[in-house]
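So, here come the structures, one by one.
Two complexes come next, and they have one chain in common, chain A, joined by chain B in the first and chain C in the second.
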Partner chain A sequence: MSRTLLINPTAMEAGLLAAAKARALEGAREAAFEAFARTGLPHKRMEGWKWTDLRAALRDDIAAAEPDNDVIAPSVFGGVKPFEITIMNGAAEWSGAPQGVRIATTRDAALSPLVEHHPLAGLAAAMADEAIEISIAEGAKIDRPILLRRIAGPGAIHARARLSLGAGAAATVIESFDGVGRYFSNSLTEASLGPSASLARFILQDGSEEGVETAVFAATLDAASSFSQVALFLGAKVARIETHIAAKGERAKIDLKSASALSGARHADQTSLILHEAEGATTRQAHKSALKDRANGVFQGKFHVARGAQRTDARMRANALLLSDFAEADHKPELEIYADNVECAHGSTAGALDEDALFYMRQRGLDEDQARALLIEAFLGETFSEIAHPGVQNVFHSRLAHWLKGTK
Partner chain B sequence: MSEIKETIAKETIETAKALETYKYGFTTDIESERAPKGLTEETIRFISAKKEEPEWMLEWRLDAFRRWLKMDEPTWAMVHYPPIDYQDHYYYAAPKTGAKYKSLDDVPPEIIADFERLGIPLKEAEVLLGVEGAGESPGEARTHPNVAVDAVFDSVSVATTFQKELQKAGVIFMSISEAIREHPELVRKYIGSVVPVSDNFFATLNTAVFSDGTFVYVPEGVRCPMELSTYFRINEAKTGQFERTLIVAAKGAYVSYLEGCTAPMRDENQLHAAVVELVAEDDAEIKYSTVQNWYPGDKEGRGGIYNFVTKRADCRGRNSKVSWTQVETGSAITWKYPSCILKGDNSQGEFYSIAITNNHQQADTGTKMIHLGRNTKSRIIAKGISAGKSNSTYRGLVSVHRNAKGARNFTQCDSLLIGAECGAHTVPYIESKNPSAILEHEATTSRLSEDQLFYCQQRGLSEEEAVALLVNGFCRDVLQELPMEFAVEAQKLVSVSLEGSVG
Partner chain C sequence: MLKVEKLHVSVDGAEILKGVSLEVPAGEVHALMGPNGSGKSTLSYALAGRDAYEVTQGAATLNGENILALSPDERAAKGLFLSFQHPTEIPGVATMNFIRTALNAQRKARGEDEISAADFLKVARAKAKIVGLSDEKLKRPFNVGFSGGEKKRMEMLQMALFEPRFAIMDETDSGLDIDALKMVGDVVNALRSPDRGFLVITHYQRLLDYIKPDRVHVLAGGRIVKSGGPELARELEQSGYDQFIEAA
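Coming up: the complex of A and B.
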């Protein structure tokens, strides 16, 4: 085990260091763990973590989660008849595989620049016992959505997954993040899309009030491939969902839509980094958040346009709706541009519900609660308006309606 | 526009061309007195003794120095430079003849010639240099009507004009060292109250070693009768300049302040770490305009000024207003975030900025608007232009605190890239903790439109002229915020800075 660089580790950090020591990490896992040990749990004095202080949220130690054999309730996505892979406390279970899909697990902890430099990616790579690998064959069009159902029970969980799409392949992946009790669930998912491949990813994140959910997703896109993502974040004590996309081939298409619907003292952080490394990429990103009570919604989006990535067309939008005197919205829409023939723009707004619109609806006979709910639904619902799969779209809309009724 | 002004403007262009884009690259051969090289408590005691400062001032400086020793240089900005050896600089340099003159003959002719080249209205030399018996009829000597000038040469202020006229209005406008001697109670009350001693690495360094700067106090209800202006000049080699400016506008006062800066062309990098503090009481308004034209280094990126500046305004009064306008064309590295703390209810902060980088320049600049009071408003217009191999970053914070009911912000950052080897970046931080606040932010990045360039060239403009015209159009929102005195010069500067960036 390499030297520990952390000064004054918190109980949680000390617990993670001890767990790593007990496992006598070697080779790639040791190198990956270094990425974590250099900084420890990211905290607010680190760039990119100003508004999500993981060290503060995870001060007390959370022991490693035990395997759980409880019967799991059906998924909210059951209606779309997905091919289901359950990842319960980090352990993946499935049976069979659709035509064109190969699923396996590996104990190989492959390194990547992300794993070697990102504290959470490094932690997941070092500590996950095995990674689940999902490969979609060249040219295969998988109509049936693949559901990655991540369920966190009490405890600390580290999980890793890999997803690859061969040239011209197309697939839909739904990821749900649920949890009960007090947990720290940290996952790393790496994806690669071959030329002209297409991946639609859906995320429904719904954690517990004591849970901390961190998920890093990183994908590389080959020429003419397309990646779309639609997400609904209902938060947790702290939820940080990161999306890293590197457009390495020309004419890649990237479309990211996300909505945060937060209440209570919940916190959700959508952080994304889109690297445009080749010519002609088109990126659209829109994030919306509605914040009740003491909730905190964070949006950090960055477009990087590398030297030579000419004709990049990238637009980003973040809108926050503050619905209480104690809610907080934090936005950092960032551009880093090294090519001149590009069109890049971002916009950000924060404010309350439009009084005029409320007044109009009250005049039409709606009571105040109905009017507010309708406006919020219209605001957030736009995020799901272009989902091509009707079943998936229904799940998002009904989950949102459920939130609006105030049950969470 | 006076004839002289036009002549100066014309000369600016011509000289700039002759000097390959930087016209202020000369050095002045005058003997100067310097503190020993390096930075120790002794250096600070030396500076303080030179300035004949009271004990509290020395203590304040030493406290800052001790804190500075424990601080780390910030690394979050998007600028890259080799480590600075803080012991390899002189922290004090003064023209040997001192700052006060009996007659014009006592003034080293080099200084007069220098200021003439800078285009400072030194034709009124006697008035400007505070020569005894002069200044009774300053109007006769004026070339820039209604501008009073304070000139800071390396570490000391050498001349302040129109003192008497300003005194009539009750305005105090003098070098900060003089102010510490003559108005210690006022200085002590406000200095360090906006930028605290250990605010950041460079501000703390400045607090320890600042050698001069400007102090302005506009008393209650007074509208300062003329624009106030300071020209900063680094002359000596290996010398850092650390000036400190403190402007206080009492209840209902108004002042407009202009700042310009230049330095000689040298191969090594020189350090400039200034602190500017503005205090606006109830109903007061301060307009602060900067044309920053420190030597940017040569085409290969050798030399140039490292410009690490902390500027902050405290809008502590109700209905107070501070407006920052900056045109940043110089310096090898710019690290500068003029900010407003909007504490008073209904107070307003504005930030208008043009940052132009060419060759190997790096600029990381922006603003912070901290909304604390009710109905506070802020407006940010930032235009970044990158050419050559340069990088320009807008970094800004808009923060609305819990009690800032009805706060309003509008931010617009536009970047223009000229050439395929430069970079333009935007890093805005937006925090809202009040639902009644309305925050709007938009940013765009693009290059000059080929259609527009083609159109201009068809009408007979050269490529460079066409670029200058389009860039001036791009910057128009900011240029029009500048006082007339600066606007024309700034407009020319925009064109000059981009020379050699096309074709």
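Coming up: the complex of A and C.
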């Protein structure tokens, strides 16, 4: 029995084991739980979890969240008039569907090969009662953004979603992660893009100081498809947002931009793995973080280029701005290349605000806080400069401005 | 107006200014000349309040008010403007937004009304034409991709917009061609008034053909070693600074 694999479980792990046992998992669900039980909650002695010790952050048991019927405030994305799917404590609610979109739920728990050994993906697959499935029909161009609004209340939450885009389909998906109080919110989203499909994904993660947010996203890209992602992480006690992409068809385009704006003792971890498995993929990844107080920003990015993936063109950079002596940035950019005709590059920097620019701005009349805020905004704001949807772009800029005002 | 008395300034523990005394009365333009490394830029940074420039002795007042106790932005709000020798590039910061924010911060500190974006843009465009900066340059991030000369034009645009009470111009002429020198002269001459003063730091006489100084001072070895009328600048052009370096 897989559950006995966990030796010396923490209170939280023991709680998860008991919950799994009570559910009498079978088949794919049991296999998924095994992926989790092989390691338990990922911890700092595991590869890829050195700087994000989930086991330590979740030592005490957090009971399963209760269904919550509270009236919730409108989303910050309300202004872009999205088609909204509210996922409150893991339970999805929506009404109708835009033309060309089919929304359903499934109890099928099988994991995509991309994440079948991932402990958190396994946990979500085992524990989520059902997955929400969003299917975009072949050739459908969905102009209206689809908002997956994830809200975590106190408790442990496991949620799962699947997204598929048929050949030539195009869609915009916004995912917001909000939380209140002490929670462990774990979600898995799997996506597949058909030939020439195009998906724009936006993420706004804004957790609570006591909350733990983990999100695993895994997508496979068919030939000539394109995936773009723009994210703003405001952190939580621990937030770990993972992006796994496999470019399986030729000439896929991948563009990942993310910014972490962290203060207090917040922690946000951007971890991504891009598998280039076919020829001619183009990947651009840029991550920026501004870290105040005792905040901790983690960037782990890996480009894998398979033997057959000739003419891959992939670039990654991560830049951190350390705004306090106690803030910490941990970067691990990695290239693993098996093809011989590729262009791949990565770069990583960490530094403080430019003293020359600060003095210049103050000589012109800005006080220290204003000058610092303007420089930080300029640094992080670049992440959102190319968002094609003006309404969505506004939300990111105003959320960043709000963060800047609230911090020194 | 600006009064500097026996000012000693150290940078990283090394004393650069060793008792500088200088007075620029309202309505006057003074030139400060001197060899490389004599402390001209140190004086401008110390007066503007840059962190690493530590005043160990002496005093500096603007209109009778001790400015050494003020932060750089407070000094700016009092009307002190520094035209930088090496203006900074500020990637990601929109030029017009930055200048308007700075101008309004100064106005707010002085209890004046803020200027609207539309009014500001109108004035800024008109003055940009005078200093020779195109609309395209104004749309760029601040000074990014500007040539040395364009950066100096941007300094002059800001001086024209802020209309400071006292301006220190640190080698504004370096890297400028003759037409640009004339432009700098035009901007200064348009601003000259009985209640405004200028300290023009330069190595060369040629800028002073366009800006007629009332007094000329020579800074060498961290002290003012000679002061005189406009003819002193011409004299220096002939004789050089060697005599002062030896004296210092």
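As a working rule, the second predicted complex is superposed on the first by the 401 of 408 C-alpha atoms of A that agree within 3 Å, B and C clash if a C-alpha of one lies under 4 Å from a C-alpha of the other, contacts with A are read in each partner's own complex, and residues count from 1 in each chain.
Here is the rule we go by: contacts are C-beta pairs under 8 Å (C-beta built on N, C-alpha and C of every residue); 3 or more make two chains touch, one makes a residue touch a chain.
All values derive from a computational prediction rather than experimental measurement.
For the composite obtained by superposing both complexes on chain A, the positions of chain B and chain C are free of clash and fit together. Angle at chain A (Cα centre) between the Cα centres of chain B and chain C in the superposed arrangement: 80°, in steps of 10.
In the superposition on chain A, no contact is made by A:Pro113 with either chain B or chain C. Within the superposed three-chain model, A:Gly264 lies out of touch with both chain B and chain C [touch as defined at top].
Once chain A of one complex is fitted onto chain A of the other, the partner contacts of A:Gly27 are absent, as it touches neither chain B nor chain C. Of the two partner chains placed by superposition, A:Gly79 touches none, neither chain B nor chain C. Between chain B and chain C, B contacts the larger number of chain A residues. Of the two partner chains placed by the overlay, only chain C lies in contact with A:Met361; chain B stays clear of it. Of the two partner chains, chain B is the only one that A:Val342 touches; chain C does not reach it. Residue contacts after overlaying the shared chain place A:Leu374 against chain C, while chain B stays out of touching range.
This overlay, made by fitting chain A, leaves chain B and chain C with a least C-alpha separation of 15 Å.
Judged by the document's definition of touching, no chain A residue lies at the interface with chain B and also at the interface with chain C. Against chain A, in their complex, chain B makes its touches with residues 76, 78, 400, 402, 415, 417-447.
Per the touch definition, chain A reaches chain C in the complex via residues 354-357, 359-368, 370-371, 374-375, 377-379, 381-382. Only residues 47, 50-51, 307-308, 310, 320, 322-352 of chain A touch chain B when the two sit together in their complex.
Across the complex, chain A is touched by residues 48-51, 71-73, 75-77, 81-82, 84, 87-93, 98-99, 101-103, 105-106, 109, 141, 158, 162 of chain C.
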